[in-house]
Amino acid sequence: MKRILIHGGTLVTADEVARLDLLIEDERILALGTDLPREGTEVVEAEGKLILPGGVDPHTHLNLPMFNTVSSDDHYTGLKAAAFGGTTTVLDFIPQEAGPLQDSIDAWMAKAAPIAAVDFGLHMNITSLSPAVLEQMGDLPGQGLTTVKVFTAYNGRLRLQDGEIFQVMRRAAELGMLTMLHAENGDVIEILTAEALAAGHTEPEWHAHTRPAWGAAESVLRAIALAEQAEAPLYVVHLNTAGGLDQIRYGRARGVAVMAETCPPYLFFTEDDLRRPDGAKWICSPPMRSAADNRALWSGLADGSIQTLGTDHCPFFYDGTQPIEYEGVPIAIPGKELGAGDFTMIPNGLPGVGDRLPVMFTYGVGQGRITLNQFVALTSTHPAKIFGLYPKKGSLLPGADADIVIWDPARRLKYGVAHAQHRTDYNLYEGWDLVGYPEKVYLRGHLIVDREEWLGKPGMGRFVARRTGGEIL
Amino acid sequence: MKRILIHGGTLVTADEVARLDLLIEDERILALGTDLPREGTEVVEAEGKLILPGGVDPHTHLNLPMFNTVSSDDHYTGLKAAAFGGTTTVLDFIPQEAGPLQDSIDAWMAKAAPIAAVDFGLHMNITSLSPAVLEQMGDLPGQGLTTVKVFTAYNGRLRLQDGEIFQVMRRAAELGMLTMLHAENGDVIEILTAEALAAGHTEPEWHAHTRPAWGAAESVLRAIALAEQAEAPLYVVHLNTAGGLDQIRYGRARGVAVMAETCPPYLFFTEDDLRRPDGAKWICSPPMRSAADNRALWSGLADGSIQTLGTDHCPFFYDGTQPIEYEGVPIAIPGKELGAGDFTMIPNGLPGVGDRLPVMFTYGVGQGRITLNQFVALTSTHPAKIFGLYPKKGSLLPGADADIVIWDPARRLKYGVAHAQHRTDYNLYEGWDLVGYPEKVYLRGHLIVDREEWLGKPGMGRFVARRTGGEIL
Amino acid sequence: MKRILIHGGTLVTADEVARLDLLIEDERILALGTDLPREGTEVVEAEGKLILPGGVDPHTHLNLPMFNTVSSDDHYTGLKAAAFGGTTTVLDFIPQEAGPLQDSIDAWMAKAAPIAAVDFGLHMNITSLSPAVLEQMGDLPGQGLTTVKVFTAYNGRLRLQDGEIFQVMRRAAELGMLTMLHAENGDVIEILTAEALAAGHTEPEWHAHTRPAWGAAESVLRAIALAEQAEAPLYVVHLNTAGGLDQIRYGRARGVAVMAETCPPYLFFTEDDLRRPDGAKWICSPPMRSAADNRALWSGLADGSIQTLGTDHCPFFYDGTQPIEYEGVPIAIPGKELGAGDFTMIPNGLPGVGDRLPVMFTYGVGQGRITLNQFVALTSTHPAKIFGLYPKKGSLLPGADADIVIWDPARRLKYGVAHAQHRTDYNLYEGWDLVGYPEKVYLRGHLIVDREEWLGKPGMGRFVARRTGGEIL
Amino acid sequence: MKRILIHGGTLVTADEVARLDLLIEDERILALGTDLPREGTEVVEAEGKLILPGGVDPHTHLNLPMFNTVSSDDHYTGLKAAAFGGTTTVLDFIPQEAGPLQDSIDAWMAKAAPIAAVDFGLHMNITSLSPAVLEQMGDLPGQGLTTVKVFTAYNGRLRLQDGEIFQVMRRAAELGMLTMLHAENGDVIEILTAEALAAGHTEPEWHAHTRPAWGAAESVLRAIALAEQAEAPLYVVHLNTAGGLDQIRYGRARGVAVMAETCPPYLFFTEDDLRRPDGAKWICSPPMRSAADNRALWSGLADGSIQTLGTDHCPFFYDGTQPIEYEGVPIAIPGKELGAGDFTMIPNGLPGVGDRLPVMFTYGVGQGRITLNQFVALTSTHPAKIFGLYPKKGSLLPGADADIVIWDPARRLKYGVAHAQHRTDYNLYEGWDLVGYPEKVYLRGHLIVDREEWLGKPGMGRFVARRTGGEIL
């Protein structure tokens, strides 16, 4: 039995800010108190520091095969990068392969579990529906998989038809599960993309031109309507448009159980970034939009219309022909260069799992756009509650896992690829000034990050079985 | 050369109310003036009467095969009923049959043209898309068919996929044509209907339960998004929900070229009417909704968010086993009774082509919900302009066809099946008090209705070739 | 008896575009027709030209004392400028002076009537309320004054309290009159202005800073609420903000009888223009706002939420120390230079009465933002209808006054002070390219403008008594 | 030093639900933990019970002189009733009397402090503004008074002009204080009331007719605009209309720091209740509205647009001529009967301080309209945070005051005046079924309510000095 007393820090939760001692026993928080006794404990002084529940990232794609390559972070490197950024639980998506869902799950678990660097849970994509699949959904909650994701885009690959989505939603609701949705209009994208290519448009900006913002807005309302009719809750992933937010607000004000996630890049970048010479770095789906969309999304975070910040972490090398050194070893994985002559061949995805907390602390809290409580709520407590991880994760109450970040609110640094720990060769926030950064990160009571030092190990992260009946926020 | 001088009446157009003489020469209006000379004219005294442009009904289904029967008005009886209600031009829909579009057109023309009682134009349904059909759309404008209609509902029968709708819209825009849309979510309807039947729900009210209002709202926004992306104008037929109207307003305020039609029954009736013992009388698609929806639609007419009033006239007998007498002959056509044990077998559709002007005059103008100019705009000028009939139709300016209604604003009557001229055995407004009714109706200068007397003949109505580039209102 | 036949032109009204002959007899339109007989008429060939009803400007301030000077156009020069721009009726505001309303009216009539160059009506400002004034309002309709204007701004000068506005609205409604409203928050303006001056801020841009846009938005809703409670119609003058438009739409969708006017400058200019070295040229109240507000107002014109275009014409010299030549005589009137050291001393107001039609034709119709019918509706028919001038004005129907503009849609010119006929030394649209311009202007059958030639005379314009019960659009 | 261990209960906070022990030392919470040691503690078993932070009621009027009587609960009886209902901190309003603010504060403190039954804070009404008052506002924060309330209604009594409100807001913002607002349009109310009386309308329902809902909506937007311009936060008290909520949402989505409170009666009752024979029981300002308003307010609680539930507790006897027995003594205080012949003489106000938690638990949480966390947030944590009481109040974290409610979620009772502890002769929820009720209530570690037993004493409640810089939620 090991006890750690974090003393003198300021606890920050989704609703509280309080100067309190926190006592860890083994892997869990044992007590909170004022002047807890020090005897028998390892005392960590945290004067002037913030004590946060470890971040929960609801949205990553690690080691994901795509376009003849694979996202460049696996469940070790990606989750290690998460830890450096203050995130100790990550929810990763399982692609649905042919065959029973269980096969897809087993395969993904086999990739992830042995090497996971922090705790992780899994969402199940449903990209091909049949009565058998609906039936098999019933096996997921018992394994702690309580969420499914569907797509209104990616015709012929990932998309379900509206009626299929409706059936998934009803089945999920029946099982106490939550349906997540990627909202774009697949039909229009398919047509515009074919036409753009036929017209010889190959540049990255055509990725945005061929995925119009209005399609994102309408598909949000479409899914809201389906959810209302299915009497099911809905979670819209990576909201990227003002129009989509308008519809989220419309649905919520009419009593529909709809929630939304956005990702930091959508708050800062626009289609203009795709027109840069290195525009491929910003290619993901849905795409960056306009400054007006950025502003709208900030307002949605502030007024509670958007409940979570995820990352959709799915990194690729910008130049996968040039090795970088990672843990002392040179590595190169084919990446954005695959689409040099064809924007549709640019692997879709961005690094971000480690950027989330530092970037949002400086540019969200520090600039007065969100409060400190909202920062914790959006990055940890809300994802934990919505996804059935709470109160094990996302909480600093006794009984919770001792996933704790000691955050130095005063630390200044110039951010970028040299700092971020993603296994890729670029960072979207290269050269940005940050104020505030993780100092120590504990995973279930184990110190895994101490400033720049990595103390974790592959496999230290555990799979977290999640509850059904997650909260509607 | 024949001249008729309508003297002393008050002309009402979409924007004007003026006491003026109107001179007809043969089939057209020759002049408007104050104290036009009477010599050589047949003078019709219209003191105390309103002079309206003949109504234009943008939406009917005459002699339409459905569910092993046929809508009970053909192009003679239905258009005659229209005339009695003050409507002199009707736009009827051509179902798309297998084979080239031209075959469908030719077949429909063969049914309609020989017997039409008033002027008519045709819309082309596109319910099965192929490159050939897209190509064939190019043949329509030259024949005066400048509108196509698509459906987001009726899976497996009439529905197109979103991408197909998008392609139709773009092709239409390229040709200067307008795309009309039936907005419901076909997938959800398909599922709910199958389930309702499986659960033994056979009553008419299940027609409404299985076609949820949220599906109408989302599909309106979906079509707006498709139209915006296609850079094409859009006309939403038979808007029946407050939610759909919210989205129409949303699109219009953002500059999208979207227009909407509603039909009188959606202003007066609700799902409750479907629960009446004779609820089948109110079965049409989309269904009647709530009193709150009624109110919202009235507000949309008043503030200009809804531009037209159509009827979606598609009558069936309530009891098609009991003959009624029509033009002295007993006739019975299988009707609503077909669905006595299964709501999905109730022929979908309502009588209304003759009710539109009288009902809206009394309950719209008379109750101060719309102005006299709006009455004319909604029932005549706007449909004429939107559908490329203007200024031939929908106008009282010289040069226009002399389609004229002399309206007695003071005439009182108790309305119902005894008065309406539809070839069916019931009327939705049975027993309603009306104030204001057509007195004389001219079709291209020919007096076809003189109070209760029918002076028209089968075949007197002509096909009207319509222009491309109809107006966006 | 004199007859003029305008032959071969294309008539444009609020709802019609038709190639028609138009016959004038003396001062009125006698007939419209196709191929009207030419005998006994003076034939004016108008092939390729548009025939418009003369413009109706609902909002001017001529010869208005302000800040120790006077607006630089009087009822001759200003109305002459109107005529050159295609406007033949102008509604000017009577300031309320101490004493009975009748005294104010008589004084203003004495200034205006003898010299008026085109027809004019008068609105009565109510800026000081008492039971006597409420009583005296009863004398206005009989004199053809059927509108009153109130202000929520200009504390201590023009402003009425909410309760007073409510009383004016109810009294007006009782009398069939319409209440017009200048919507800003006077209290906040008063405070911010005093503070800005105390802080030594003297530049024109402080005019905008001290009149915040939110005050315009809230006072629109405030007035809508007052009107709804008073069961009275409301007309918001010179709407200049997106927020105000949001509230106009909010009120209209809830059935409130509220209408709005905007003025061309609010569609083109922003606060940035106030920061120009000659920023004082753009000083009026309410001020120019942002590009986002410009865009919103265009959408309001297009979707019908805004019903009229006025000018709020109230010109001042930019440099009133330098005479200009006007009708061959040098004239200088103190102007914007009065506020060189103090933005609150800059006379508030802009020239515009002559710019309205040409600028809106090129930049509204020509750029596809409004249709030709909307152009006529916004600039002529709607103001005529709302203000009880219709069908005498704003119409081309027989019986209407023969106020007619023959418009050359193809004429190109570079606009500016050299072209505009306002009696001032600058024009807001200096150097703008125009396509389309008035060719001939008739006032009640009299040709008063023939391209660059002025054929009118002081006193030729008549006072127009207006009806009560103007329309709600 | 006394220690109490609450063992085995389920802690509920604004964001957490967790089975945890809670250790109290003297007046504060010392620790939270799993299986905290029992030695040296009084153990309270709470198996199956909820442990809530004591309720914080942000809005009461105790012992308030009005209409020649006084609200019938004083700072002993009212706060005792609060305690029985689970509320341990109450914020009461100080009326501004003539003279320095300090005099008003001292007088109110003299009434409240000696007898307070639970902790209390004070808001300062600003109903008469002068430079001196603005200056004196600077003395409030030092005394723990960090909020001021202003009114847009009650002309001639409580109302400030817009400019005065703007000045108060700016001064408050400068001092880190929050401005609270009663939003109705005083001018219209003044006029309609006088007219209703003059017309002989004396019944309670005229209270509602003379205070139109549109006035509440517009004054919310007006205050939002003032706040935005003042760069000050705003808290709208007792929101009662859908229209007001529309504007709250409008402001929040545009980044304005505006928050809103509603009160339980506005969620359940309508103007129809005022038409009951005992309608006077429901008379308060603003009045009950419609069922549509009820529904809208529930949606605002659910989607976070409304942040707090207050009571506006201001009870009066329904029949103040009939004594009731209170603590064994008969007492009668003139009440609603004062307005028997004149609705304007009915004392304005409702009992409610004790009803809030029980009613909202059963009809909010129990009926699935709000979550358990929202229940705590709305009734305790949010008011504590917004009003600068947090983390002393509204929290269960160590260091917080040990204000704790042990809530029995299973207890069933039929509610009404026999149960509620208000010193009045009626209860709005008479006969309502409740499920869930307070079992034990601790005030700073002292057990003051044990089921039906009162263990508190006058004067046991302390004045709570509040912090400036309360949170914006």
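All chains are identified by letter, namely A, B, C and D, in their written order; residue positions are counted from 1 within each chain.
Here, a contact is a pair of C-beta atoms (placed from the backbone, for glycine too) under 8 Å apart; a residue touches a chain by one contact, two chains touch by 3 or more.
This is a predicted model, so every value here is computed, not measured.
**Q** Count the smallest number of chain-to-chain hops linking subunit B with subunit D, moving only between touching chains.
**A** Contact-graph shortest path, subunit B to subunit D, evaluates to 2.
**Q** Could you tell me the distance, in whole angstrom, between the mean C-alpha positions of subunit B and subunit C?
**A** Between these chains, centre-to-centre, one finds 40 Å.
**Q** Rounded to a whole Å, what is the gap between the Cα centroids of subunit A and subunit B?
**A** Distance between chain centres, rounded to whole Å: 51 Å.
**Q** As a quick test, compute the distance in whole Å between the mean CA positions of subunit A and subunit C.
**A** 56
**Q** Could you say which residues in subunit A touch two or more other chains, in rising order?
**A** none
**Q** Between the chains shown, work out who touches whom and classify the graph as line, ring, star, complete or other.
**A** Contact pattern: a closed ring, each chain touching exactly two others.
**Q** Which residues, counting only subunit B, touch subunit C once they are in their complex?
**A** Listed in rising order, the residues are 11, 13-21, 23, 28, 30-34, 36, 249, 252-255, 299, 302-305, 371, 373, 377, 381, 385, 391, 395, 397-400, 471-472.
**Q** In the complex formed with subunit B, which residues of subunit A make contact?
**A** Checking each residue of subunit A against subunit B gives 155, 161-164, 166-167, 185-188, 190-192, 212, 214-215, 217-219, 221-222, 224-226, 228-229, 246-247, 250.
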